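Listed below are the structures to be examined.
In what follows, chain A forms one complex with chain B and a second complex with chain C.
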Partner chain A sequence: MLTFLARRLLVMIPTLFFISVLVFVVIQLPPGDFLTTYLNELQSQGEAVDPAKIAYLKQQYGLDQPMYVQYFDWAWGLLHGDLGFSFEYNLPVSEVVGDRLYLSMVLNFSTVLFIYIVSFPIGIYSATRQYSWGDYGFTLLGFLGLAMPNFLFALVLLYYANVVFGTSIGGLMDPEYINAAWSFGKVKSVVEHLWAPVLVIGTSGTASMIRRLRANLLDELSKQYVVTAHAKGLSPGRVLFKYPLRMALNPFIADIGNILPQVVSGSVLVSVVMSLPTTGPMLLSSLQSQDMYLAGSFLMFLALLTVVGMFVSDILLAWLDPRIRFQGGVSE
Partner chain B sequence: MSVLPVVRRDNERWDDMADILRIRDLEVEFVLPHMRVKAVDKVGFRIGAQETVALVGESGSGKTTISQAIMGILPDAATISGGSMIFADPKTPGTRVDLAMLDRKGAEMRAIRGGRISMIFQEPMSSLSPLHTIGDQICEAVRLHRKVGNTEAKELSADMLGLVGFPDPKRALRTYPFELSGGLRQRAMIAMALVCRPALLVADEPTTALDVTIQAQTLRLIKDLQSELHMSVLLITHDLGVVANMADRMVVIYNGRVVESGRTEDVFRNPGHLYTQSLLAAVPHFDMQAGERLKPLREIKPRLDGLLTLCSADGTASVPGAPETMSLASYGPGSGEAVLSVLHVNKSFAIRKSGWFGMDQQRFEALSDVSLTVNRGECLGLVGESGCGKTTLSKLIMRAMAPDSGSILFRGESGQMTELTYLDEDQLAPYRRRIQFVFQDPFGSLNPRMTVQDIISEPMLIHNIGDADYRQRMVLELMEVVGLDPRFLNRYPHSFSGGQRQRIGIARALCLRPDLLIFDEPTSALDVSVQAQILNLLKDLKDQLKLTYLFISHNLAVVDYIADRIAVMCAGRIVETAPREALFRDPIHPYTQALLNAVPFADLDHPLDFSKIVEGKASNPRSWPAPFTIDNLSDPRMVQLSDGHFVRMTRPDYQEIAV
Partner chain C sequence: MSRETQNANNDHFVDTQPFDPWDKEELTPEQEKYFLASQWKLIWWRLKRHRLAVVSGLILLVMYVSILFVEFLSPYAQETRNSDFIHHPPQSIHLFHDGSFIGPFTYGTDFSVDMETLKPTYIDDPQKIDRLRFFCSGDPYRFWGLFEASLHLVCPAEGGTMFVFGTDRLGRDVLSRMIYGARISLTIGLMGIAVSFVLGVLIGGAAGYFGGWVDSVAQRLIEVIRSLPEIPLWMALSAALPVTWSPILIYFGITIILGLIDWTGLARAVRSKLLALREEDYALAARLMGAKPKRIIARHLLPNFASHLIASVTLSIPNMILGETALSFLGLGLRAPITSWGVLLNEAQNINAVAVYPWLMIPVVPVIIVVLAFNFLGDGLRDAADPYKN
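Moving on, here comes the complex of A and B:
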């Protein structure tokens, strides 16, 4: 088990390295850089640009260096916790990002939690009472959740919250807290605002998770070992929880790594629509303006989230399933 | 076979006191959305104290449904619509419970199920949960039915594991099912069923998925435990050999009805019902006379006159549109020459093993020094237990894999033996046509999205043989050859039974008129009567079309029926090769002997000698006595003992003999 853990951790290092290279190259791929975009913008507004100033800026930002030098500067900085400098905001990336990163993490984590808590009991119910009215009902709701685009749901929710209750559910906190320091009141306000985006972002994930759990559990329920457990004289409830449910958990857990990036990217549009102070909208604008260090930091954050999520799900799987734990040493 | 009178022996005493279970007029119905199906119809039988009753029938006869009804584990769609199942627990004399009246999920039924009536299942691989240790699953059964603590439950479980033959029961408690072999898993399953000392054990095909030597061990174990624990056994099986060796009484089920019941001896010696008679006549047994045929319920009469046989002496086709090369029946004089010869072939696979930094490679020897020859016009039977390498060998011959060393020679178009080992895909193409394959699983080997017409003609399209007219006529002829109605050509495989699908597979293999047909367990997924039908068909085709077979099977009786020569394979090696009669009359190798001793005959005069059944694995080359031992010190070769009879052994007057 320890070897497994160690090997799994070691594998993450080259993975993250390759991702960082990929991220950097992809950001650089469009022609030009932040300065050319900036120049075009100024020229289109009819302003004169001093070439000397441009050259100076280029040198200042290191944009005149070859790409690999830029990459290593950036990667070296990342390793030391220095995320680089945002051209657009003229501030270090860490300051630009600020609370957004934490708020994003809170939002995404809550969403994942929401997906699991809601889909688990419903999935079990749907599988054990296949083709009942309840199953059909949840199936219908699930398909609605899958079919409806998130941002549309967000708009609908915003509209009705305003019209019916007269409140605004946009944002992640009440306006007076936006630039205030963290306090109990601010935390409370965040918690109060959190439900709407969590609901909006989590719906489709919940729906697909219910479908998956239902299908897995249905598969397991018809397996021979379930009959064996019944033949032992176990009560139906205990049979369900001890045997097939545990088997059906495997894909459920294996999904942790998948669901994180899905939720994160799914939340970008919703964040724009609901004007949430998360990383999403900022990532979008930084990609548009080729603010490469800012964009790179966001993308690396996403990658780290995925890789760590995968790691966590692998550990959980190995802990749950002895067949994975004893991998390779088995004589079939 | 419509409704025939039930044969019930009169010497059946309905003794109230001694019976543990008495079933009367049991009816089970499956309620489907559009109809109701009566799976069990007025079934009645009884099980006496410490008696073994066999429920015999073919697939779909309803025997498993009966066992599920007794256990109260019928599927949700099934209901007991009539009859009674009176269970008289010997532990509490005087009480009678009607299992049919109990709520399947209620506490009363659950106390009986697993506690007083236990069940073991066919599939040892899937019957245990892979996520829980053996100990966990057995202790659960103990604690459910007895008021004992955790430690005590563990002790009881360990005792039972010791009783079923686990060498180290304490350790076994901590193992997971996937760490055990099939035989040990079935033993764990038996331990789990018996740990609460039930009055009745329901065994649903308990040995069908096991190898023949393991089957014999398991049967002996059940017999031993039965007398030790004083329990009754309801044995559900399709294997009449098992019935003859295990059962005191037997009940024959056909189509959800009892057609005959009585003492095993009476039924075997003097079967009263037509169905029982035909069932008994369909089982291949060892002392069959030369030329004696099995009698399936329905015989296929292949019609053989046409493209398959049609061929002029000089090998040219006289049919317009027919291809030039007429390999199939085109030989006359060359009969008896080797078609295929495999020489000293080795093949090993890498096993993945996790270690620090990457994988440690470990080799598993699947085949070691395998040599065999198939002569034109003969049927060579290859016998071996699961995992012995017989399927690997067939894959090598087909060149689905390449051997590590050794050579595979095949007689090609030119009449010369050609080395297949180093040919590339293009060079192999003409040989692929000449070697065809029939697979074990009739359900998985036919593409469900193709019609029968497409399935049978596909090989001809691939090899671009004949024109559309020729192909059409060939397909029509093949349908008649395998005894299928040509009107079925536009149907899809799902509308055929297992036996019919297997015949489609045979037709597909024949359409290229191959020189060599390889059968990999072609009948092991089929019922006895269908098996007899297919075996007879293969025999007829071989005689009339002068085909050459390599017939791979684990079933000695089947091989005995169809093969001319038999090669016995074990642990990746051929250990004995002999003409059919010589092998059965005079087996030399200890493994062959163990195999022969372990086969249960459907014949009361040849009971299994349980004392001869060796515990442990007969297939371990290290434990064979000298001069047969294979280990680091000795590596015996094939030695000729008499004409055509070769054995792998060390002989002082050693001489290597080409097989």
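Moving on, here comes the complex of A and C:
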């Protein structure tokens, strides 16, 4: 297990390196940079710009250096927890993002949890009662969840929560807590607000999870050992839980690698629509204003979230399945 | 053992019946048809059994054919502003008036402003019956941008209106704009998939066929891209498209961006299929006879998994359509004057729109239909892809 852990950790290093290069290239792609845009804006408003200040800023943030030097400065800073400087807010990125990173983590983690908790019983039900009305119903619901664009579902939910329950479910906490320090009341408020975005982001993932678990379990259930177990008179519940379910659980856990990027993607969109205090809305605005370090840190953080998530799922899988533990790799 | 005894032992039984080479198991015509059918025919037969997939395929076919005639099919032109009918709610098409059959018509509406909410309200005027016209002359347009025409399948009565799905904030007919939007939204998925198909087949093919370091580099690359969440990356890339670009360049830019991130699934499928197939005897035989890798891949291996490729391509188109919708909704994708379903939904971006003008959300219906249809068709194709698997 230890060697497996070590190997799995080592693999993450080149992955993260490539991701950081990719992210850096992406945030460098827009023509021009924030300073140039800023300058143009000031000049178009007829304001005087102190060239010395601009030159100082350029030099301060290495904008006059060649690309690879800029990259290494940035990556070196990241390794030391220095996320760079936000031009738009004129503050270090770490101060701008504040609680957003934690709230994003809470949101994404809750969504993954939601997907597992909902799709597990439904998947088992659909597989054991194949072609029943319930099975068809859940399949239909799942497909609708898959096809309905997240952002529209979020909008509709916002509206109906307003009309039916008379509450505003936008945001992640009651307004009085927004700039308050963390307290029990604030945590409670976050938990109360969390269900709506979790529900919206979770629907599409839940649909594919249910289908996956159903298909896997059906495959297992048609095998001969299950027939033998039934023939020997084992109770149906015991037959199901003793082996087939445990076999079908493997891909279920391994699938987090597919689910997580999808969840993170969805959460970015949904948080823009529901104006959640997570990374989404700020990523959008930083991309629009070419605030490259802010955007870069967010992209890097989101990628890190999925990479670490996959790492956790691999460990879970290895713990669950000795075949993987001893081979040291996830078999297809 | 001596030769003689061996020969004696091997005394064969010889049937005295005359040998008839045509005397063998008789096949029924159906069996014969089945055994002689080509792979693609078998796939087609199998797909036909999948009702939902066939229906979905038909729906998609109708939609894709109709994008050729959007100008003719839509009752209004794309940009016609009916400035007297801003935010007009959907009008229903009636057939009967006071119990007598009239044929399809709409009621004219009276406009007033609710003085409390300042919301425009339109009330049906039962005296004013506007019969719809068919194959009629309406808003002029340039068909395919080539020649002037004004023929429409259906138009409102002279001086009347026909806003089946209402109008937007400029008084443009939502239905017509949806029909025009289909042209962009439906093709953007195809264009994007073309990009990701080329990348996926090239990279996955090289990885699967050559193996070794090519394979490990490709694998790492796929891993890295797959671990990045798609939408933020799409957002970042499309934010990088220069604002000065013309709408058509933006359109191509977006398709390329969609394809650049999406090829990994396809590359994986190609790679694993190739890895399995290149060990087959016929691949070895071809190699021994001196065939070049290009010929082996294209001639011997590709036909074997072409059907799988088509299935997985079909399954990844909806993802692209949803991606475009999401990007345009955020204002990062396509921009007016290009009209796609995402651009239309951009109008319904705030909760006010949902509360006061809910019909602005109608363009989501074709999105859902198309995504579902592609999913069902893809599922059917995937099941039919290997017709030799009982």
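Here is the rule we use: the second predicted complex is superposed on the first by the 308 of 332 C-alpha atoms of A that agree within 3 Å, B and C clash if a C-alpha of one lies under 4 Å from a C-alpha of the other, contacts with A are read in each partner's own complex, and residues count from 1 in each chain.
Heads up, the rule we're going with is that a contact is a pair of C-beta atoms (placed from the backbone, for glycine too) under 8 Å apart; a residue touches a chain by one contact, two chains touch by 3 or more.
The structure presented is a predicted model; accordingly, all values stated were derived computationally and were not measured.
Between chain B and chain C, which makes contact with more of the residues in chain A?
Of chain B and chain C, C contacts more residues of chain A.
First (chain B), second (chain C), both or neither: which does A:Val268 touch?
In the superposed model, A:Val268 contacts chain C only, not chain B.
Counting only touches as set out at the top, which of chain B and chain C does A:Leu144 meet: first, second, both, neither?
Second partner only, chain C.
Based on the superposed arrangement, let me know which partner A:Val26 touches: chain B (first), chain C (second), both, or neither?
Once the two structures are laid over each other on A, A:Val26 reaches chain C alone.
Quick check on the superposed pair: does A:Pro14 touch chain B, chain C, both, or neither? Answer first, second, both or neither.
second
In the superposed arrangement, which partner chain does A:Phe298 touch: chain B (first), chain C (second), both, or neither?
Once the two structures are laid over each other on A, A:Phe298 reaches chain C alone.
Tell me the contact category for A:Tyr243 with respect to chain B and chain C: first, second, both or neither.
So A:Tyr243 only meets chain B here.
Shared contact residues on chain A for chain B and chain C?
332
Help me check something: in the complex, which residues belonging to chain A touch chain B?
Of all residues in chain A, those touching chain B are 3-4, 6-7, 223-225, 227-236, 242-243, 246-247, 320-323, 326-330, 332.
Which stretch or stretches of chain A touch chain C in the complex?
Result: residues 14-15, 18-19, 22, 26-27, 29-31, 143-144, 146-152, 155-156, 158-159, 162-163, 257, 261-262, 264-266, 268-269, 272-273, 283-284, 287-288, 290, 295, 298-299, 302-303, 306-307, 310, 332 of chain A touch chain C.
Quick check: in the complex, which residue numbers of chain B touch chain A?
Interface residues on chain B, with respect to chain A: 71, 73, 105, 107, 110-115, 118-119, 121, 123, 126-132, 140-141, 144-145, 176, 178-179, 189, 192-193, 351-357, 359.
Which residues of chain C touch chain A in the complex?
220-221, 223-233, 235-237, 239-240, 242, 272, 318, 322, 325-326, 329-330, 332, 345, 348-349, 351, 354-355, 361, 364, 367-368, 371-372, 375
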